[in-house]
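Note that subunit A is present in both complexes that follow, paired respectively with subunit B and with subunit C.
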Partner chain A sequence: MNIARRSFLAFLIGGAAGTALSPLPWKLTDDLSIWTQTWPWTPVPPDGEYSYVNSVCTLCPGGCGITVRKVDNRAVKIEGMAGHPVNDGGICILGASGLQLLYGPRRVKAPMRRVGERGEGKWETISWDEAIAAAAEKLEGIRSAGNPQGVACMVGDRYGTVPSLFERFMTAYGSPNFMSDAAIEDSYRITLNLMHGKNAIPGFDAGNADFVVSFGSGVIEGWGSPVRMFLAHGKWKDENKTLVQVEPRLSNTAAKADKWVAVQPGTEAVLALSMAYVIIKENLYDKSFVAENAAAFEDWRDDEGKTYPGFKTFVLNGFSPADASKVTGVDPSLIVSLARSFAGAEKPLALCGRGKGNTPGSLHEFMAVHALNGLVGAINRPGGVWAIDVPDYVTWPKPGLDEAARAGLEKPRVDGADGGAYPYTESIISGFADGVNSGSAGYGVEALLVSGANPLYTLRDAQAVRKAFDSIGFVVSFSSYMDETAAQADLILPNHTYLERRQDVPAPFGLNMPVIGMSRPVVPPQFDTRQVGDSLMGIARKMGGSVGDAFGWESYEACLKETMGAAWETLEKDGILVKADYAPEGWGEAFNTPSKKFQFFTGAYRHGENKDLMSQMKIEGEAADFPLILIPYDSMRLASGPVADTPFMAKTIEEDVLIHDDVYVQVNPATAASLNLREGKVAELTTPVGKARVRVHLSEGIGEGVIALPTGLGHWANSKYIAGKGVNVNRLMSPVADPVSGLDAAWGIRAKLARA
Partner chain B sequence: MSTVKAKDDGAGGFIILFFILGFVASMILGWIVFPKLLYSQKEQPFNFDHAIHMDMVGACESCHFFRDDGTFSGIPKLAQCIDCHQDVQGFTKDEEIFVNEYVRNYREVPWLIYSEQPDCVYFSHSAHVLSGGMECKTCHGPIAETETSRPYEYNRITGYSRDIWGKSMLGLKKNPWDRMKMDDCAECHRENGVKQNSAQTHKGACFVCHK
Partner chain C sequence: MKKAQEHTAPKKYGMVIDLDKCTGCGACMAACMAENNVPFREDETDKNLSITWLRVYKLTNGKKFPNADVCYLPRPCMHCEGHHGHSPCVSVCPATATDYSYDTGIVSQIYTRCFGCRYCMAACPYHVRYFNWWDPVWPEGMEKMLSPNVSVRTRGVVEKCSFCFHRYQIAMEKVRYEGRAELAEDEYQTACTQACPANAITFGDLNNHDHAVYKLKTHPDAFRLLERLGTNPKVYYISSREWVRRQGDNYLENEGKVVAKAH
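Let's turn to the complex of A and B:
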């Protein structure tokens, strides 16, 4: 026994000695270390030829220039384009992670037809010919049955060839129901229409302003063209300029501002008018602008001799700091000092539109803030607000209409954006669901085409929108991604993603010069997708007749080339068309109102004579049942438009915003104490239109009685990286139609919170 | 006392025998079995004759060229081959495979790269060839004279070519191309006195090659 044991030990020692003298341990150590440094599952771009393609990002209305780095035929990195007038080399988190939309899991890879129940996720892949034929046949059927007006269309952006093609299609087809996604740009456009008499979009020379008062605008949360605003914000900091943030919640912008004015939610316009009161009362306004270039400052008389109060009378009669303080909760002395600093600054600028500006907002508020800019002459001058003519390069002759089209176009709109009620508004996407559900137009909606929009996610009162969708027999989505709307569609004709298609991208929001960008194919289409313009033309041609005749172009690209005309070559070469020597029109020529002056008070107010324009926009719900006010808030880390967060972005959501699948609602500690809620507790949040499970996050950054939820969460489609996380705040909110524009002006909703 | 003595008498031989047995077994395992287990072989998609191409095109750079931006193209892509190989040239089986399976289908040839460094290594051909004036064969050896593609051996743990560590398990080498580890880089840089006091010795120098 002893011998065997010792022999065994000797064998082991011999083995150890032999092993040490063999390459095994040394080589193995080396190999293992190499293995750990180059995990085989770590993605590494393939080796190959590097190249860069300049294009334009279309993931938000910002219109940033991008430079995409490629290795052979694979895009490996998106960077901001240096020298681009919008973003000059900068890029946001969504733009930087855009490759995950191109190569990621949420693409629709080929035309698909629904085979299961709606939303069940059962699809069959069909050929493009079949898909085009299916759409054309259905639309032709509705048309020949005499209901062309029963086809509606929703697009994302308003300008450029693709939205114009859809608009043209709807006209030739015979339906008035063409709608585009609404945002603050629409409210600004109506404001400029009423106060400048111009069909214009706003440009903000933000970088050159020296005293900025932002009425809830998320300057570093994605307002305007996000990267451009980051750059402006950085410049203000570097040059010691002042930013005052007026907002009910301590947002990132408020936290970084020189002063945060915590205002009662929804009362921003009252504060703006009270600042105007101080400026007028103390004679601090720009006398030359007001005297020579503005109308309706003093009381005025119309052609029929009727007298109306001017802006001065109106403001001095109801917006003293003491009165305003009662409504806004802002100390009167603060209002006075804010107004004095604003009027005393060399280049003051007032901004409005809450958060990222996804909700059009109250027109009254926009006009009040714009009047503030007018008072200090911050119009069409460095550091001010400029009126930029809307892009007008799409100048196609009108399509020929047949009998059916003419009859259809005579019918009222489903969304209510016509007739006497809202004469300044082209379309009201937020009014669509109500129109469908109530049947107010007098006919049924049988089909809906959706391109570049995701109404089932982004529109408020999701239940009503869902109900409207359920009643529409045929929904066609042109989405590149399996988003919420595509998931509920009957037919998907997938568009190329923005990195695979050529498309004009006009008018980056908020840029103070007219610019047209050209999005270009960075990589060849990865799947069996098609430029949406070509899909639409295909449907029209298949239908034939006057609808087909309206699209004489050989292809979308031919249409684009013809539309761009002489600009095509520059756009192909540089990816952007800039009017380098652009300067805003001087005060003498800038206004095209009846008075040819800046209108402090306008026809809009007369138009709404019987409406209570000056009151705070009322939100849905009664205080008795719903003691709290829920407001949404935006974050750069949460994409809240038609495109959802990328997987990379989802990883950056803070722990006090989302934990696992639960969203945190921000609650003031005093409010929480009164409701017996503690940090991290699960609660049930109820509003007049919905309820949701949330967790409580105590925050001193929000006032008593107000609670806040982030936008951009609560997706149910898209990919597992974002679906099922948190709550879609649009589902808990209800749109409120602005009395003048009819657009959604809801800044919040009444709510209650209880322990779950 | 007596027990111990008895053991001394009979066990010593056995112990030595088992020591030798263990020693020999582990040496066999380490020197013969382990290399066989560690490495596996793959054949190239088809044989490539460097010699015949050198006769036709004259220089390495004709196919392994530097791009305008200074990056090195490495193994040629189909696009370069197609200029001459649109149709089958000559009568070899390999040519037939190349043209019929790859050229006609626009499929890149999945060549296995003998000298490919791990992903954690950044190597600039430009710095060595264009700036340093080195010849290809200084590091790659007489590959231009070969008529056949030898089997590609790769490490099962790391997945990399055996050429990096070298054929010899001990890491011995006669020629520069027998081994391409970091020590070999350092050796050559020391011998030639390349920038001994700059990027390679300063703080952050690791990142020159390990980006």
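Let's turn to the complex of A and C:
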């Protein structure tokens, strides 16, 4: 057959036209679109009966009330609980996405024992009996070998029944090495101890303040109870109140503040004391408070008759705005006007603790800022700082101790938080790694129990922490999730998540009234997990003897019920116990110091003798080798505590924070130009303790010579939605022990940046 | 016909967002994702592909340290009314997958009608629309948190903010069941409004004198995005900062001070 070119083309064109005119292509397109929308693997969420369960969120120390929407037995959404005293219906990004932790891919589904190398990720699932027996046997072995002090324990929160059970276990077992995660709350507690003479936690009546000076506190970035601070911030805007943010970097708080005071990093205390200078010099302080309720304002004498300069002398001798300006970089006239506005306000309030408050910070700084509050009388009054008694409802009789326990408890602590060097500090989690690695306590650490904490991620100088972990023979994790610490453990006894367990949630941080919350099971346990209190009691009972005897309760819930006593019913019904008519103690009764007054100075912290106060708290590294200063910064969208970002949160990480797996370091354009770095360029960031690959982001929100990295990135265990992205800034930083508290006070580290 | 059945005056649901209060915390974004079964992928750093019905933008004033300033701007769907319901996306949709409701003022998106031509995405000046380039995948077990109130989307369709229309439907069912004529202001609120810990978002009927948004939209500092395009959006913003208001539209440098006008 001979097909002519002409007839072939005619056939093609005719065919095409015919097909186009027929319904065929349209039908096919339609079918295709229908077919591609009915993939059988697209889930169709089943409908069912709707219900709501109220509980308390425990993902941070904020203690917000939550209402969980359920469809049959599935929890489908977490919302803020309306009318709750902490958050009144609001919720933060982590709380709102909490179901992604409950139903997340990194849950530990049953007790597991490591079978491969540490961190290799090879596990065998074992029964609860086996798991409890394995832990008990190992701990019993260490104890009978005469080294009970060689077992250490780290918990997340300090108060409540679960941390108290761990503390009790350590006491009965015979180890002094009980530690809790440290934060600004610890520094505030020591501040109140020294200046008020009270064992108290701070409450901030922030919503009622009218002139707030925040020394680096991330008021809208997770400081305190985050949602409560958001609400206070909104109230300030509505009522035209003033927020002044003192911070080296343009944080969100600084951007939202009425005035951003860009201070040299680490010199916030100097600025606070210089404000005090102006207030004292110009006679603007609260005369009645200072004269009648405060001590050591004027020169004072200690018990031995030695005279010390009072706060007034100390401040007037060294903190004139002109002098302070040289250190802080803040214009003297601004310091003067700031001080005048602060003292002139009706309800001024000064806050401190950087960012979210995850690093305890320098005690000197806390006391300087608290002294500012004292000067204007913003103590235990509306709009001020209130000293709230620490939760004291756990009133169990002391456990009986056998010979081994008594001997163990006599031994020095590994973290250095002993009577001698740091008499005001209960535990120093940041000092643990050093203690283990140097063997300073005189004995080895053989086992470590970790509950509610993720030290391998959150502790600074990660290499040292890792080294310490590697030297500890037996690590038990009670984590619900496969976090960094659980991944390095030998045995995991998974806890229920906060949505599956009943537990008391005492004292939301920063709330100015005593509150106890109660989280309750919103859904039944999804996996073969167990409330950590029951796991711990199981281990103790298995060990028997005086350790077992210390835990006479039938179960954790029985213990909780007995501990709560009369409050149990209210907690069961409302999920919260509030002292609604709570009022702070008046100035006459509020102080329990030796003078029964507010102590501007105390013998414990003789500011006048410390010659370095005008300089900043020293951070690691020398300027010659590391010309830049690296500071970490916090963001609500990046969870930086023991729990990592959820997939929803990871979606909201901004484009100037993360690109694919690279984190952006914020650099001032002038600094970048001097280093020959441009926007988006890959660079190597080096500090005295580590180096990392980063990308450069030019930012006018940061001064020359200072660079900033976000916290909360650089997870390596955890789900693929957050692991492997960016750099863990804790790996690049090194803790600096505060001279009085021993707690980590590092606000940054020396660094250098070079083209990669 | 429909109106006669419902016996209610037409509503015009809208939002007023106070940018002075917005902290950029992102709670609204997470609440929106959880409410509306929004999918997620391993790498979400390419924001053009990252499905966020409500996206919080970061604005900067372009000044040098220490005069730099930042403001966050949450951007849901603007639910443009255009002129008599001719919103940009509705006008171009060949499948009637997106429509303007005269009863509520809400611009709908019906996934089963959408065949993914993405004309609407090109037409929308606010980039509120996102295309599902991939099938959504939930890690094993996480499909348990999917809400039955909102259809799970598939590959090949466009999605966007619906002002939580399912919440309106649920609230209206209750109203009808109880034989009432009107929905109270607090009976229908979007997930982002409810979640906002800063109380920066106010939602309600812009036509209703008793709703908070009615008064707020006439705030002297209120403005809308790209006002001059004539899209007639129903999301208003309030900012006391002039540089923020200026970024709300494409103003020329010599255009003088941007004064928000009462609407």
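Keep this in mind: the second predicted complex is superposed on the first by the 701 of 756 C-alpha atoms of A that agree within 3 Å, B and C clash if a C-alpha of one lies under 4 Å from a C-alpha of the other, contacts with A are read in each partner's own complex, and residues count from 1 in each chain.
Please note the rule applied: a residue touches a chain if its C-beta (ideal position, glycine included) is under 8 Å from a C-beta of that chain, and two chains touch if they have at least 3 such contacts.
Nothing here was measured: the structure is a model prediction, and the numbers come from that model.
Asker: Return the chain, subunit B or subunit C, that is in touch with more residues of subunit A.
Answerer: Of the two chains, more subunit A residues are contacted by C.
Asker: Figure out whether A:G121 sits in contact with subunit B (first) or subunit C (second), or with both, or with neither.
Answerer: neither
Asker: For A:D31, select first, second, both or neither according to whether it touches subunit B, subunit C, the two together, or no partner.
Answerer: first
Asker: Just subunit B (first), just subunit C (second), both, or neither: which does A:P23 touch?
Answerer: So A:P23 only meets subunit B here.
Asker: Considering only touches as defined above, state whether A:V44 meets subunit B (first), subunit C (second), both or neither.
Answerer: both
Asker: Applying the document's definition of touch, where does A:I3 land relative to subunit B and subunit C: first, second, both, or neither?
Answerer: A:I3 contacts subunit B only, not subunit C.
Asker: Once the structures are superposed on A, label A:I13 by its partner contacts, choosing first (subunit B), second (subunit C), both or neither.
Answerer: First partner only, subunit B.
Asker: Pick one for A:G544: touches subunit B only (first), subunit C only (second), both, or neither.
Answerer: A:G544 contacts neither subunit B nor subunit C.
Asker: Hey, what residues of subunit A end up touching subunit B and subunit C alike?
Answerer: Common to the two interfaces on subunit A: residues 30, 37-38, 42, 44, 47-48.
Asker: For subunit C, which residues count as touching subunit A in their complex?
Answerer: Contact set of subunit C toward subunit A: 18, 20-21, 23-27, 29-31, 33-35, 37-38, 40, 42-45, 47, 50, 52, 56, 58, 60, 62-72, 111-112, 115-116, 135-136, 138-148, 152, 154-157, 191, 194-200.
Asker: For subunit A, which residues count as touching subunit C in their complex?
Answerer: Where subunit A meets subunit C, its residues are 29-30, 33, 36-39, 41-48, 69, 71, 74-80, 87, 89-93, 95-97, 99-100, 102-105, 107, 220-221, 226-227, 230-231, 233-234, 237, 250, 252, 255-256, 260, 262, 526, 636-637, 646-656, 658-661, 668, 699-704, 719-721.
Asker: With touch defined as at the start, can you tell me which subunit B residues reach subunit A in the complex?
Answerer: Within the complex, subunit B touches subunit A at residues 7, 10-11, 14-27, 29-31, 34-35, 38, 67, 69, 71, 73-74, 77, 118-120, 155, 157-160, 165, 169-170.
Asker: Which part of subunit A faces subunit B closely enough to touch in the complex?
Answerer: 2-3, 6-8, 10-19, 21-24, 27-28, 30-32, 34-35, 37-38, 40, 42, 44, 47-50, 72
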